[in-house]
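Quick heads-up: structures coming right below.
What follows is a pair of complexes built around subunit A, which joins subunit B in one and subunit C in the other.
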Partner chain A sequence: MAFAIERQAITKWLQKLLESGEVIAPVRGPCGDILFSTIHSPEKVEWNFQNPLHPPKQFVLPQTDPIVKIKRNGERHEVAPTYDDTRRFLFNVRSCDAKGIAFLTRMYEMEPADASYLRRANNLTIISLACNIPCPLGFCVCTDSGPFLRDSYDVQLTDLGESYLVEVGSEKGETALSGVPNLFHPATEDEVSQRKRLEIEAKNHFEQETCHFASAMRRISTGRVQDALWEKMSDSCLECGGCNMVCPTCYCFSVKDLGRVGAWVRCRMWDSCQYAAFTLEASGHNPRAHRKERMKRRFFHKVSAQYYQRDGMVGCVGCGRCIKVCLGATNMPAVVGAIRKGKWNE
Partner chain B sequence: MSAVPSTCPFCSCGCGFYLLTNNGQLVGVAPSETHPVSSGRLCARGWSAHEAALWGDRLRQPLLRQNGKPESVSWDEALDHIAGRLKALIDAGKPVGVLGSPRATNEENYLAGKLARAGLQTNNVDFSYHSICGPLFAGLEEVCGEHTPTTSLNDIASSQTILLIEGNLAETHPRAASSVMKAVEKGAHLVTIGYRITQMARLSSLHLQTTPGNEREAINGLLAAILDLRRQDRTSVAVRGEGYEALWRDVKSVKRTEELRQAAEWIARAERATFLLACTGGQGDQPQKDAAAFATLAAITGHLDRPGSGLLPLLARSNVRGACDMGVIPERLPGYDPLDDERARQRLQDLWGKKLPSDHGWGAENLLQSVSGLIVVADDPPSVVRMGRRAMAAMGRIEFLVVLDAFVTPTVRIAHAVLPIANFAETEGTLTNMEGRVQRLRTATNPPGEARIGWQVLAELCARFDVGNSYTSATDVLCEIAQAAPRYAGIEQRLSEGGWGGALLKDSDNAKFVVHPTGATGAAALAFAGRPHVLACDGAFDWGRDPLVLFSPTLSRDYQSERKFFPNGFVEMCERDVDALNLGGQRHVRLTSVHGDAVVPIRVRTDLKPGVLSVPYAFRDHVASVLGSDSVTAVNVEPP
Partner chain C sequence: MNDTFLPDIARLVDVRDETPDTKTFTLHFRDLKNREDFHFLPGQFLELSVFGYGEAPFCIASSPTRPDTLETTVRRTGQLTDALHRLGNGEEVGVRGPFGNGFDVEAARGRDLLFVAGGIGLPPLRSLIWNVLDERSRFGKVTILYGARTPADLVYKQELKEWGKRSDVELHFTVDMADASWTGNVGVVSTLFRQISLKPESTIAYVCGPPIMIRFVVQDLLALGFKAEAVISTLERMMQCGIGKCNHCAIGHRYVCRDGPVFNYSQIRELVE
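Showing the complex of A and B:
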């Protein structure tokens, strides 16, 4: 069932959320960038913004994440998991990012389930803001992850001008709306049809921004991408790992102990499959020593039918961040396009 | 979670990013789309910048070596002891010196220089990386009147022609490489000069493969081909400058290939061209002459000072430019003014209230080997200078070695006094990138234990030598820098107005160019019958031993595994050369040069041409007996 909330009433709702937990929202930083940050007052929240380059996945999967505490106790070591049970609301997150977090959660739910991740994810309420105007580099329409969502949100807001349409997608969403009597009213037919019209209009905004996954998937899943093409493309990669860092669906990590006197914290850290040492084995052998092999692996994981079958979607939510962040030129649409055409920059 | 805008501490591109902290602890890095240099992009080092600050083996308390063991002492005790020992050495007529660092801020470097010249009354002040990049600066200054760049990183992307002396740009300066790639994508002609077929060489329109140390053959060939163009077609090819008749005499006999003619056309006819210059190797003054010849190429084609065109020297470490500008070079005062410039000397004497020494000081390598007392600020000289391990042995003989650092380095381990200071994420101050962009470091977290902010410690030491000033913040030091170095005049004001991206230093009035004869090509006669191969030391800096990389779990993996699997280093050679040696399963070779010999493991590479061997800078110690003091030498290669 859909509700609606008047524009001015949002502040009251945010105040209620601030009383119930930590609220994270897009905020304009001191240098003009929009960053997802913890807010302490409702007016900090940005409503008209391009999706921040740094993704909100950090609130379920921090770049540096303490997962186990290890303490020396005489001859023995005490080992205890650390959990982050903070109740959080991720407010005004974009459709692609909500879809990305759902993707991560599916991955971390697989056996063996990752308790550290799941505790955070279960305490997180996702309140997304549908994209009436898609961002210039986004191609979420090709990955079924926007501009409006059908799933993967707890609450989805749509800006209708004077009011917001409020769709509830889960029990967590219902809870987020509770305790504030009279703020939400059942959406009128007019409001519901306005949301439908906005979704169609948003989809019409996409122009060149397409990513031909189907064609690339056929080729990549059946090993029909020439080695020479990978080699050529890999020369346009500067191994910065930025694509992995900002990707809403990249979940790979490495672990390292952070030493304190007599005690350590085992930390999980974001890692990049594009770094040479990512697959380096203790023996010194590296199954993917060459950049072209690492690149092939990345795009196989993202685009192949094999992974599509497992994950139910390509490993991309069309946010377009990799286009902005890539130091070289090997972003998702460029590589998918090259695989489809069988040539790179020719 | 909070985000503190700061400047990347690795290479000299000077990207901006946010340091992310949670409950006062660093947890990550976020890119900034609004930063004028990085525009939302970071390289692998930038993305892991928080790691070394978090994982680093940190110094927490002042230490004094007593009875051979380092013992914790109070700050006052340490500072008094250091001042006392140094004064005793000076009174005994023994030489003392100071090493600044491109890993330190402008404020730290400035105070290090002030401490040396005004406090210790010596011009023995340098930074170790200067021994590598000094020749490059000297060559540029010879031709341009200045050692500073004449273009910006962003301008590279709109160039029509890019000429690159290759030192593996993709790895040394990914941000600059990114701009080169963007230009190439838009149809620019990239011409690379180098002895390896690097990633940039593969992306180039034309790669001029030289033998190591003989980059000048290609540069002279280009000069000749450009002068040919001018002679054929005076009107449309701009060739300017005095003295090019002498230049013509020098290069006219160089053989012009079709490739050189093509590249000359691209350079001469481009509206906007970028000249990127890495530190080259070679014997004697060859690197300096290479830089001069390269600058001449930019100058005579009018690209040195044309809008959108220019030359950019590629400096490995973040604050090389700043360290130079702060005058931590024996023969240069703050502002890069020559030591014997009377006006500059007077300016500083008035500012510091002390008479300045006039005796010439020692450069880093000499200094390490000759002083009795040395203060090292945020650096580990043996990992930087070419002499490598030999520098460690030399430092071991120093009577009193003082180190200020955030991290435990090999130099810290042998120091007599250690002062713990804040690292880049904990300090306040400025860095000057390769373009001359002065940017702030901002405090994201607190230094551990009793560690203090670097400039404060140096100010305390200055005070103990009677050259103190009551600085209350890094900005106070910056204000003094603005008085000491004319180009920094008004910098604090410009920084506060300029916001994110800092303030670009103004171009100097000294810029003018003089065309010199380039001299005959360098290493043509290097190889000869007895020693038909050439061994080159590859690269000019080893990030693997820089604490910012070494202590980062993500960044150090490659470097550490290479050192683990090749504890005796290796030299690289092409398959054809390996086959010709009939090693019969052996994976070692014996190298013999005029300096000596060594047996080293080999690694086969596909990007080298026959006759060329290369040793990574990180492994230069393993062939030190072969290389001597050269970075390129003729060798004989045989089975061990």
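Showing the complex of A and C:
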């Protein structure tokens, strides 16, 4: 069921959301760049923006995520799980980022489920904003994660000019609208067809950035990418881990005890499969000691048919952040293209 | 929803020196309920917490046929194991698990069993060896080959003597480098194959040790006529979560912590690193 809301009524809706939980939205930071942050008043929300460098992943999977409290009393230790049950609304996130969170949740739901992640994800309502104009580096049409969504949102907004089309995708979405029902009216036929037209136009707006996964997937899944090509590509990798940190679907983590002696917090922390220490064992043995092996691992995890089958999608939402952040240009479209062509930058 | 990362508290009730850098720790859950609920298979592993230092994976070295004893044998080799080695009787650690698939003991029934261990690779096999010896009549011939770097690096010296005395076990052990007092075999563990007679068609081989040792022993076994499915090993990776999420132990789309750590060689060959 689709609804519509007048542009000036959005403020009232946001006020209602602010009363019911924490609202996270794209805002303009002190230096003029856009970032996702908690807001306290509706006018902070940005409506015309290009996606921030960091996805909103941190609101379901914080970079440092406390999971167990450990306390020592003399000889005795007490341990207790810590949960984050804050009700949150992720407002005006782009389609790719909504899809990224759906990807993470699907993975963490697989048995054995991860209670710590799911408590946070279950309390999160995703209100996405469809992309009428795709961002220059985005290739979400290649990953089926934009510019408009068919799933993975609780509420999807489309900017129709004077009003917004409001599509409800879940019970959580219904709840997000229920506090102020008089702000929403059933969408007219005209509004629905306008949304369809905008989606077609958006798809026509994509620039040259494309990513042909199918051929790369066949080669990666069957181990038919030559070792020499991995080596050549990995020569350009600086092992900074930037691609992992800005990726909406990366979720590798390490577990560490932080804090002072006798009162620790065991934390789950983002890690990068591109770091040599990721697989390093205390004995000194490292099954992926070479950079080319780690790069192969990253793209196997993201692009192989084996993981596609498990996750129901490639491990990429086409946001283009790795293109922006990678100094060595070993980003998703470049590597997928090189595997398809069998050569790197020649 | 269970508390995925919440460890249970266990006390160290015995700490034994095995070698200058290896100790065996006997764990006893503090809460009765944990003691009653803890069931495991040989080959499974624990995530052991040394509080303040974090967690690391260690195989269970004791046998499920002796449920009152839970043991793990650990070489001091990094920060966490160094901290663990400093702990004494009565001190507390955290335990999560057991994790992993473990050895398929039922499938080994009636078969001849060959255990080939190198260095600190004996502890996971020890769990299975005692399981087999405690149910001795269910299995065929039992042969144990064990190699260590030097005589001082042999673990479970008392048990090696005990196994050596048994008429229903054939035990050979060797060291890479002998010292003045050593009168036994010298050479890598695969040199012991010359001393035994094997029936590859009816035998299952369990191989555990450093990666290089596994590679050579598996080659020898295949050359002797073992089928890849009958050569079984346990892989070692830096498992952190134990539930296939953190990706440290991923090999291709397989996870050592969930799909392993026990694999047969046919499965190992198919893993895409």
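FYI, the second predicted complex is superposed on the first by the 344 of 346 C-alpha atoms of A that agree within 3 Å, B and C clash if a C-alpha of one lies under 4 Å from a C-alpha of the other, contacts with A are read in each partner's own complex, and residues count from 1 in each chain.
Following the convention adopted for this analysis, contacts are C-beta pairs under 8 Å (C-beta built on N, C-alpha and C of every residue); 3 or more make two chains touch, one makes a residue touch a chain.
Just so it is clear, the model here is predicted, and its values are computed rather than measured.
Colleague: Answer with clash or fit: subunit B and subunit C placed together on subunit A by superposition.
Modeller: Once subunit A is superposed (C-alpha atoms), there is room for both subunit B and subunit C without a clash.
Colleague: For A:Ala329, is the partner it touches subunit B (first), subunit C (second), both, or none of the two (neither)?
Modeller: first
Colleague: Look at A:Met107 in the shared chain and tell me whether it touches subunit B only, subunit C only, both, or neither; answer first, second, both or neither.
Modeller: second
Colleague: Between subunit B (first) and subunit C (second), which does A:Ile67 come into contact with in this model arrangement: first, second, both, or neither?
Modeller: second
Colleague: Where does A:Gln58 make contact in the superposed view: on subunit B (first), on subunit C (second), on both, or on neither?
Modeller: So A:Gln58 only meets subunit B here.
Colleague: So, does A:Gly29 touch the first partner subunit B, the second partner subunit C, both, or neither?
Modeller: first
Colleague: Of the partners subunit B and subunit C, which touch A:Arg76 in the superposed model: first, second, both, neither?
Modeller: The second partner, subunit C, only.
Colleague: Using the touch definition from the top, say if A:Arg310 reaches subunit B (first), subunit C (second), both or neither.
Modeller: A:Arg310: touches subunit C, not subunit B.
Colleague: Between subunit B (first) and subunit C (second), which, if any, makes contact with A:Met1: first, second, both or neither?
Modeller: neither
Colleague: Thinking of the overlay built on chain A, is A:Leu280 touched by subunit B (first), by subunit C (second), by both, or by neither?
Modeller: Once the two structures are laid over each other on A, A:Leu280 reaches both partners.
Colleague: Determine the nearest approach in Å between the Cα atoms of subunit B and those of subunit C after overlaying the two structures.
Modeller: 7
Colleague: Just to be sure I follow: which residues of subunit A are touched by subunit B in one complex and then by subunit C in the other one?
Modeller: 254, 256, 271, 280
Colleague: So in the complex, which bits of subunit A are touching subunit B?
Modeller: Within the complex, subunit A touches subunit B at residues 24, 29-33, 35, 37-38, 53-54, 58, 62-64, 235-236, 238-242, 245-246, 254, 256, 258, 269-272, 275-277, 280, 284, 324-329, 345.
Colleague: Where on subunit B is subunit A touching in the complex?
Modeller: 1-3, 5, 16, 18, 20, 22, 26-35, 40-44, 46-47, 50-51, 54-55, 170, 174-175, 177-178, 181-182, 185, 199, 202-203, 499-500, 553-554, 557-558, 561, 564-565
Colleague: Quick check on the complex: what are the subunit C residues that touch subunit A?
Modeller: 1-7, 9, 49, 51-56, 75, 77-81, 90-92, 94, 210-211, 236-238, 240-241, 243-248, 250-253, 272-273
Colleague: In the complex formed with subunit C, which residues of subunit A make contact?
Modeller: Counting only subunit A, the residues touching subunit C are 67-68, 70, 72, 75-77, 79-81, 107-108, 110, 112-116, 118-119, 223, 251-257, 261, 264, 266, 268, 271, 273, 278-283, 285, 287-288, 293, 296-297, 300-301, 304, 306-307, 310.
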